[in-house]
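The structures come next, written out as structure tokens.
Both of the next two complexes hold chain A, though its partner changes from chain B to chain C.
Then we have the complex of A and B:
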């Protein structure tokens, strides 16, 4: 239990019966320091971390100095979680990890996820004013560790909640891979009684400036009241705390590593704007899928796919190493949809073997067009399928879903080109491209 | 003073000049121009709920917003709380370690950056990043050693631009400036010692050569208590000269509050009595009032309430410090905690447009008898309810003496209630920044140990100052101004600048000048004018006297005053002299041996302050010779 302590110092602490959270005293030269033992994150073995009475942590190098145990950590009484009244909430909140809600333990500095219904209501009492909620922890995994098999579980749990009468489902998710999960759900549901709102936060909820309360509040409001029954990603609309945006799952991308408004609709406009302060939902488009009578789910994924990010000079013979492992490849090609000509014979041979190869663009904005240049035509000739304005990640998830349903390469091609969840936008108006204005 | 058991601790915050901010790569410069603004909310974090009013959580949605101005030059995504902090600036840590060595403080081996929760909006993140660099130490003082408790490096807060009802506006330029915080033990026993120790630490800081200069770059917080009193925090003392006045005021306040406690007890006022004070609606008495404050309060659907204070006649009027009565203290609580102005008490009425007739009706309604006091309040009903409770609570505290509170320093050396003192600081580790090993930096930190005073003294003497003046400057709070000006205006003699700072200002004060008006900018402006030959040295004292003695309201601008003193060219001088000779020719020719004196008097009468006497005399002598030849 001596988190972070190693070697001699760890054994010394053990021999004195000292644990994380205990009050200890250290005498070091003419300095005497008293405080609570904290976990160590030092790269050195001999650093002892103490939280002093004034709240500060300090690291002291222990080299034959005296350490005393003053008193053991007082055991915090474990609050009984009320399991009794199992309300079937109007809105179901499914947590998959990430800390949309968390508590800080000032004594040990630990940030703990707080995800029971009671925890969430304690964190955000305003939710009571808009909906009756019911929360559930499905996973507790970092979003980079998410896998297609978890997508399926999330989809099934979502269906259960909707079937049981929830007006909408909120899924708390780490932001890094949130759009992959969102796309997976979007392709899995062909009909829904209510929306799925994927929500996350870019500033952790243990800080007063977190974007999580506004995002969570907006997502509950939207889950309950939205006219649409689609999978969407809801995050801040701008850096200010003024409004949030719900993006169509298959058109969304995380476009900034850290900003609150990192999530953007690419080649399309968002579904809705939520003016959370007035509990107001403003629909931004009217071609949404409305709430249906029942929920149709088909959530299977074949992971034998590969996302190939092309770069100048890339050696096409690398393809030989993945050839036996994949049933499909999505290329993030250059510009209108290219790789070097050298790839042509490799692609030709692979597609002949029944491997699907689809082309998207590294540009993200705009659609591929493989008729404009000779290389594009040659690649098409080799069997590469241009995928319009699909985002590379969306295309990949879509391919996984299709490959789990058919092995027929012609069928795969047809389905890849069919607009299943609004992933294609055939009209790009002028204002769909963001401009960076400089003076 | 010693029999009062006075204990004083100092916290000195000084901005460091590392040319960049503590947790990002922005330059540490102030900038008022901005194109981007951000609106944000802050919300108390869950685990604080034990201490924070649960109502604060409900407040979040409709409560205050913060508007941040984000100047392009001095803020980036880090200040916007849109990007994690960069690594902590190593130079700031080295400066702090240098100070630690100078103050006999022990550097801690590994430095941990902490988040200290602050939700007044002054930090976009909702916390201030701060790290202790060393522990213990002392500074020698002639009244005895004063212990050092901690030396910390922390980020400065955003700069408040405007406080509106629903929104506070902050400029992000100052957010993230590196600060050093030096906290002494409560070993200081007198106001004079406090001022001296602050001065000494301030000087040591300046001698690192790595601190920012000018008003607002150094701020002192004071912790003051007397025996039987309470440790009261006084925040934001910007001027060293005020420290002793502020402390004297606080000692007097605590003493008076203890006297009030004893008085209340001896009169038989108990907690029971105070808890059951009755609140009575007095609105009907004031429907036709001439009092502007009450009229304004009533116009927006307000009410007037009254509270009888049994056996408390004279208590509210008791002066706790210059210009502040016990009633003012209570009114401050009501203003800060209930957001309500307009409190009147029996010891100040009739006044403020409230007539004797109205006072008598109030007394009658409240059944105020000889020896009783009362309070009346105007405002909207909801706030009045809160205010009544706050008044009761504050009066109950008076029975125990001095409440634990944080006070703010005013420019005149008085202080006023800011907020109740928070419990222990809410701190948790800044997980975005790895710990920093100080032992890897300590060798380099030695370069920042401040120069000893002896070395400085020698340097000043080499600049041409005599020993007395050099010593004066060395001990002066204006030492950094001196160094800055001599460095920047190399053609102005250091002796002149030192004399200006140490002697001329004293002279100006003796002539009734208000030194508060003469800040560093004023002084620099004058030195610059001299450096450019626009005014002469003799006129400086006159300019400063004129600038600082005029009536505050219709003061003439410095520029205007200076323009009246602009030096006259030699040609113009000669013209003036010739004019005077022409006008007085007969007399001059008659009284030949007095001619020089007569002319000198006439001419100086016209050009005093605009020309040096020496030059005038020289020119007159020439002209007189010509005339009499």
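Then we have the complex of A and C:
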């Protein structure tokens, strides 16, 4: 089946006995390209898409008879997987959906998660060269539709894979809420035999600029070889393709809607840099959790929480409308951790009733400090708990996890302030704030 | 009165006839420092604080008899203001409170806004060298307590000053919500004779590392001399004291809880750089609104809005609890502008009832694009309006302003998408995303 190819080019491929997945060679003037024939998603009939050995897709305009079959897919595959040998599953890839496993839905022109992990492996055979892969499609959803109950399922599948001997687990996930899921897994696993590498892509696999192959390749490499056994988010490190970065789950944030290097560590440095071209993992810190002997999982979440983004003009009586629905609130406050003083009596009354209220900052960078200004002191006095340099989103997921384990508000407070998964960084340095282009 | 001085040092000053505000000279070994005697907020009895000509405070440990009176305050003042001549008010400073006009409250150790603008001028006489100043204390509040009704008062006072001939207005404001107020003023003024420079400081004036004098100095310089007549936020440009940056109000965000260069332009470049040491204004763009002939103000706000920060696990029925209270909602969605699909029917029903729902991204950088993924298309179909590269906070203030002017939802949509104060930047470049320290 020549998925996506039409007209003259499709006929040419048929006449040469070439199928998707076959290794082919294309000559265009002085340029000679060898690689795997990839399905075409181009709107033009004369574009041939090849996945090259370096992991890139290339789209070539075919004017004449310059295509040669190098070897059939079955031969290529057998060579790589040593035909017939059952996969040992050194690395388990769990696909949950998202752009990294997406293709364009032709009827609407929008992108939908559809490709299976097997499809991905077919397009990126190099992955098989670094690890034997076990693959599974657990969900096929865009990550904006991800829910805490799915987090639990992903955590359980992950544990099963690690228990069965996988050296690491790669979770293909949509980028929208990838850091929320990553934090959920990080709080759920207190011990692990290997890392969990969450991976996504900002540009779908059918686009020549896709970050999907390099991110997936890097994540498999890390899953197999990383010295750490933590939950990490792996994405491009800068806008070109030189390296990828593995961030600590709980300190990561998607900071751009479309850039390939959108994911960045906030208030902390990443765990590792992956120089994927050399199969090299460069650790950026040594305070990581190493691979352990067993996996301890406790993955329950209570969604009776609310993330309150404070702004001037917000009516404090709004709190009354959610009061009966929540066991805890995370505030994204202003500056060092403030809301208007008018919220004080509402907070006081809620915390007296056993509702946990924690303060983070909408600045994102830096840490809250509620001892500097009068308002901060008043809010603390009303029971609001300052949460250091915790990101608002991480604080929320952590609170969901804690509330599923205790209802005792003093215990909730203690656990919220305990460094469970590296979510607090007490040593901020000048280097943690990015540099802006004004010099 | 020798505010803050105690013990031996106070006696020494008295014996020399030296008061706060006098010009003095201090010799310490080879070091000779000349400047204005500043009140001491030090906990040590032997620290003398001098405001030097370069705008810095310096704290000197006094061991012996090294202090000389250069000239009394009255003489120094008369020299500068040409004694008796009424201030022409080239620049109006309106003080609303905040750290820039704060001092430590000794009973609690917290910082409270207390210093008047006159106090500030006394400590920073250099300001008088660049412009004749009119000063006014309008409010004395920490900016987390700022409200839309105060925005209107600030706008009216600003217009009065411009109408009365001020070349520009400086508004001293707490940093917590400074960008909200700045956006509110930006949407309120459609024409201006001069700029409004919002200025704050991250460290209070009584700390040696205070950014207050340099920021205030820069803002007065800009208010008097800038070619643009827009609302701008002026703060430190980097963590040392080399330059300050004037950001366009509607594109600015406080990105750090404590750094002096916390304020940064998001998805856009600043208006100007101020090399304050040379009294130099370097324009960074030429698409600014120039000084006009008159001031047109329309400063009403409707606070029946809500900023919804989406997260996985958020219950869509939450919308029912706020439905009757709002005329509009700004969503800080994930990625390119999403919430879970489960919100779709709620949004559809609300927009049918004439409630405006606009989408921004919690990524902050980049722009929403609700045509790429199925979810985005569904939400648009339900009436959710994508708001390009608008910051969530700017979108909220803009919506408050628009809703005070029309109830027609189609008109609201049109105005939300119209570029009223430079809040949309359609030309993003690679340089707009900051650089992270991983190379």
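Just so we're on the same page, the second predicted complex is superposed on the first by the 332 of 439 C-alpha atoms of A that agree within 3 Å, B and C clash if a C-alpha of one lies under 4 Å from a C-alpha of the other, contacts with A are read in each partner's own complex, and residues count from 1 in each chain.
Please note the rule applied: a residue touches a chain if its C-beta (ideal position, glycine included) is under 8 Å from a C-beta of that chain, and two chains touch if they have at least 3 such contacts.
A quick note: this is a predicted structure, and the numbers were derived from the prediction, not measured.
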Using the touch definition from the top, say if A:393 reaches chain B (first), chain C (second), both or neither. second
Would you check which partner chain A:259 touches, where first means chain B only, second means chain C only, and both and neither mean what they say? both
With the two structures laid over each other on chain A, which partner does A:58 touch: chain B (first), chain C (second), both, or neither? first
Mind working out whether A:287 is in touch with chain B, chain C, both or neither, as first, second, both or neither? neither
Which of chain B and chain C A:239 touches, first, second, both or neither: both
Which superposed partner A:31 touches (first chain B, second chain C, both, neither): first
Could you look at A:126 and tell me whether it touches chain B, chain C, both or neither (first, second, both, neither)? first
More residues of chain A are touched by which partner: chain B or chain C? C
Can you list the residues of chain A that touch chain B in one structure and chain C in the other? 105, 109, 111, 239, 257-259
Chain A contacts chain B in the complex at 29-31, 33, 38, 41-42, 44, 47, 49, 52-61, 101-106, 109, 111, 114, 122-123, 125-126, 202-203, 205-210, 213-214, 217, 239-242, 257-260, 277
Complex contact set, residues of chain B against chain A: 37-47, 49, 57-58, 60-62, 65, 77, 80-84, 106, 108-112, 114-117, 119, 124-127, 130-132, 135-136, 150, 152, 424-429, 431, 434-435, 437, 439
For the complex, give me every residue of chain C touching chain A. 105, 108-112, 142-148, 151, 174-177, 180-181, 237-239, 245, 254-259, 261-262, 264-265, 269-270, 273, 284, 301, 303, 305-309, 311-315, 318, 321-322, 325, 332-342, 361-369, 371-377, 392-393, 396, 400, 430-439
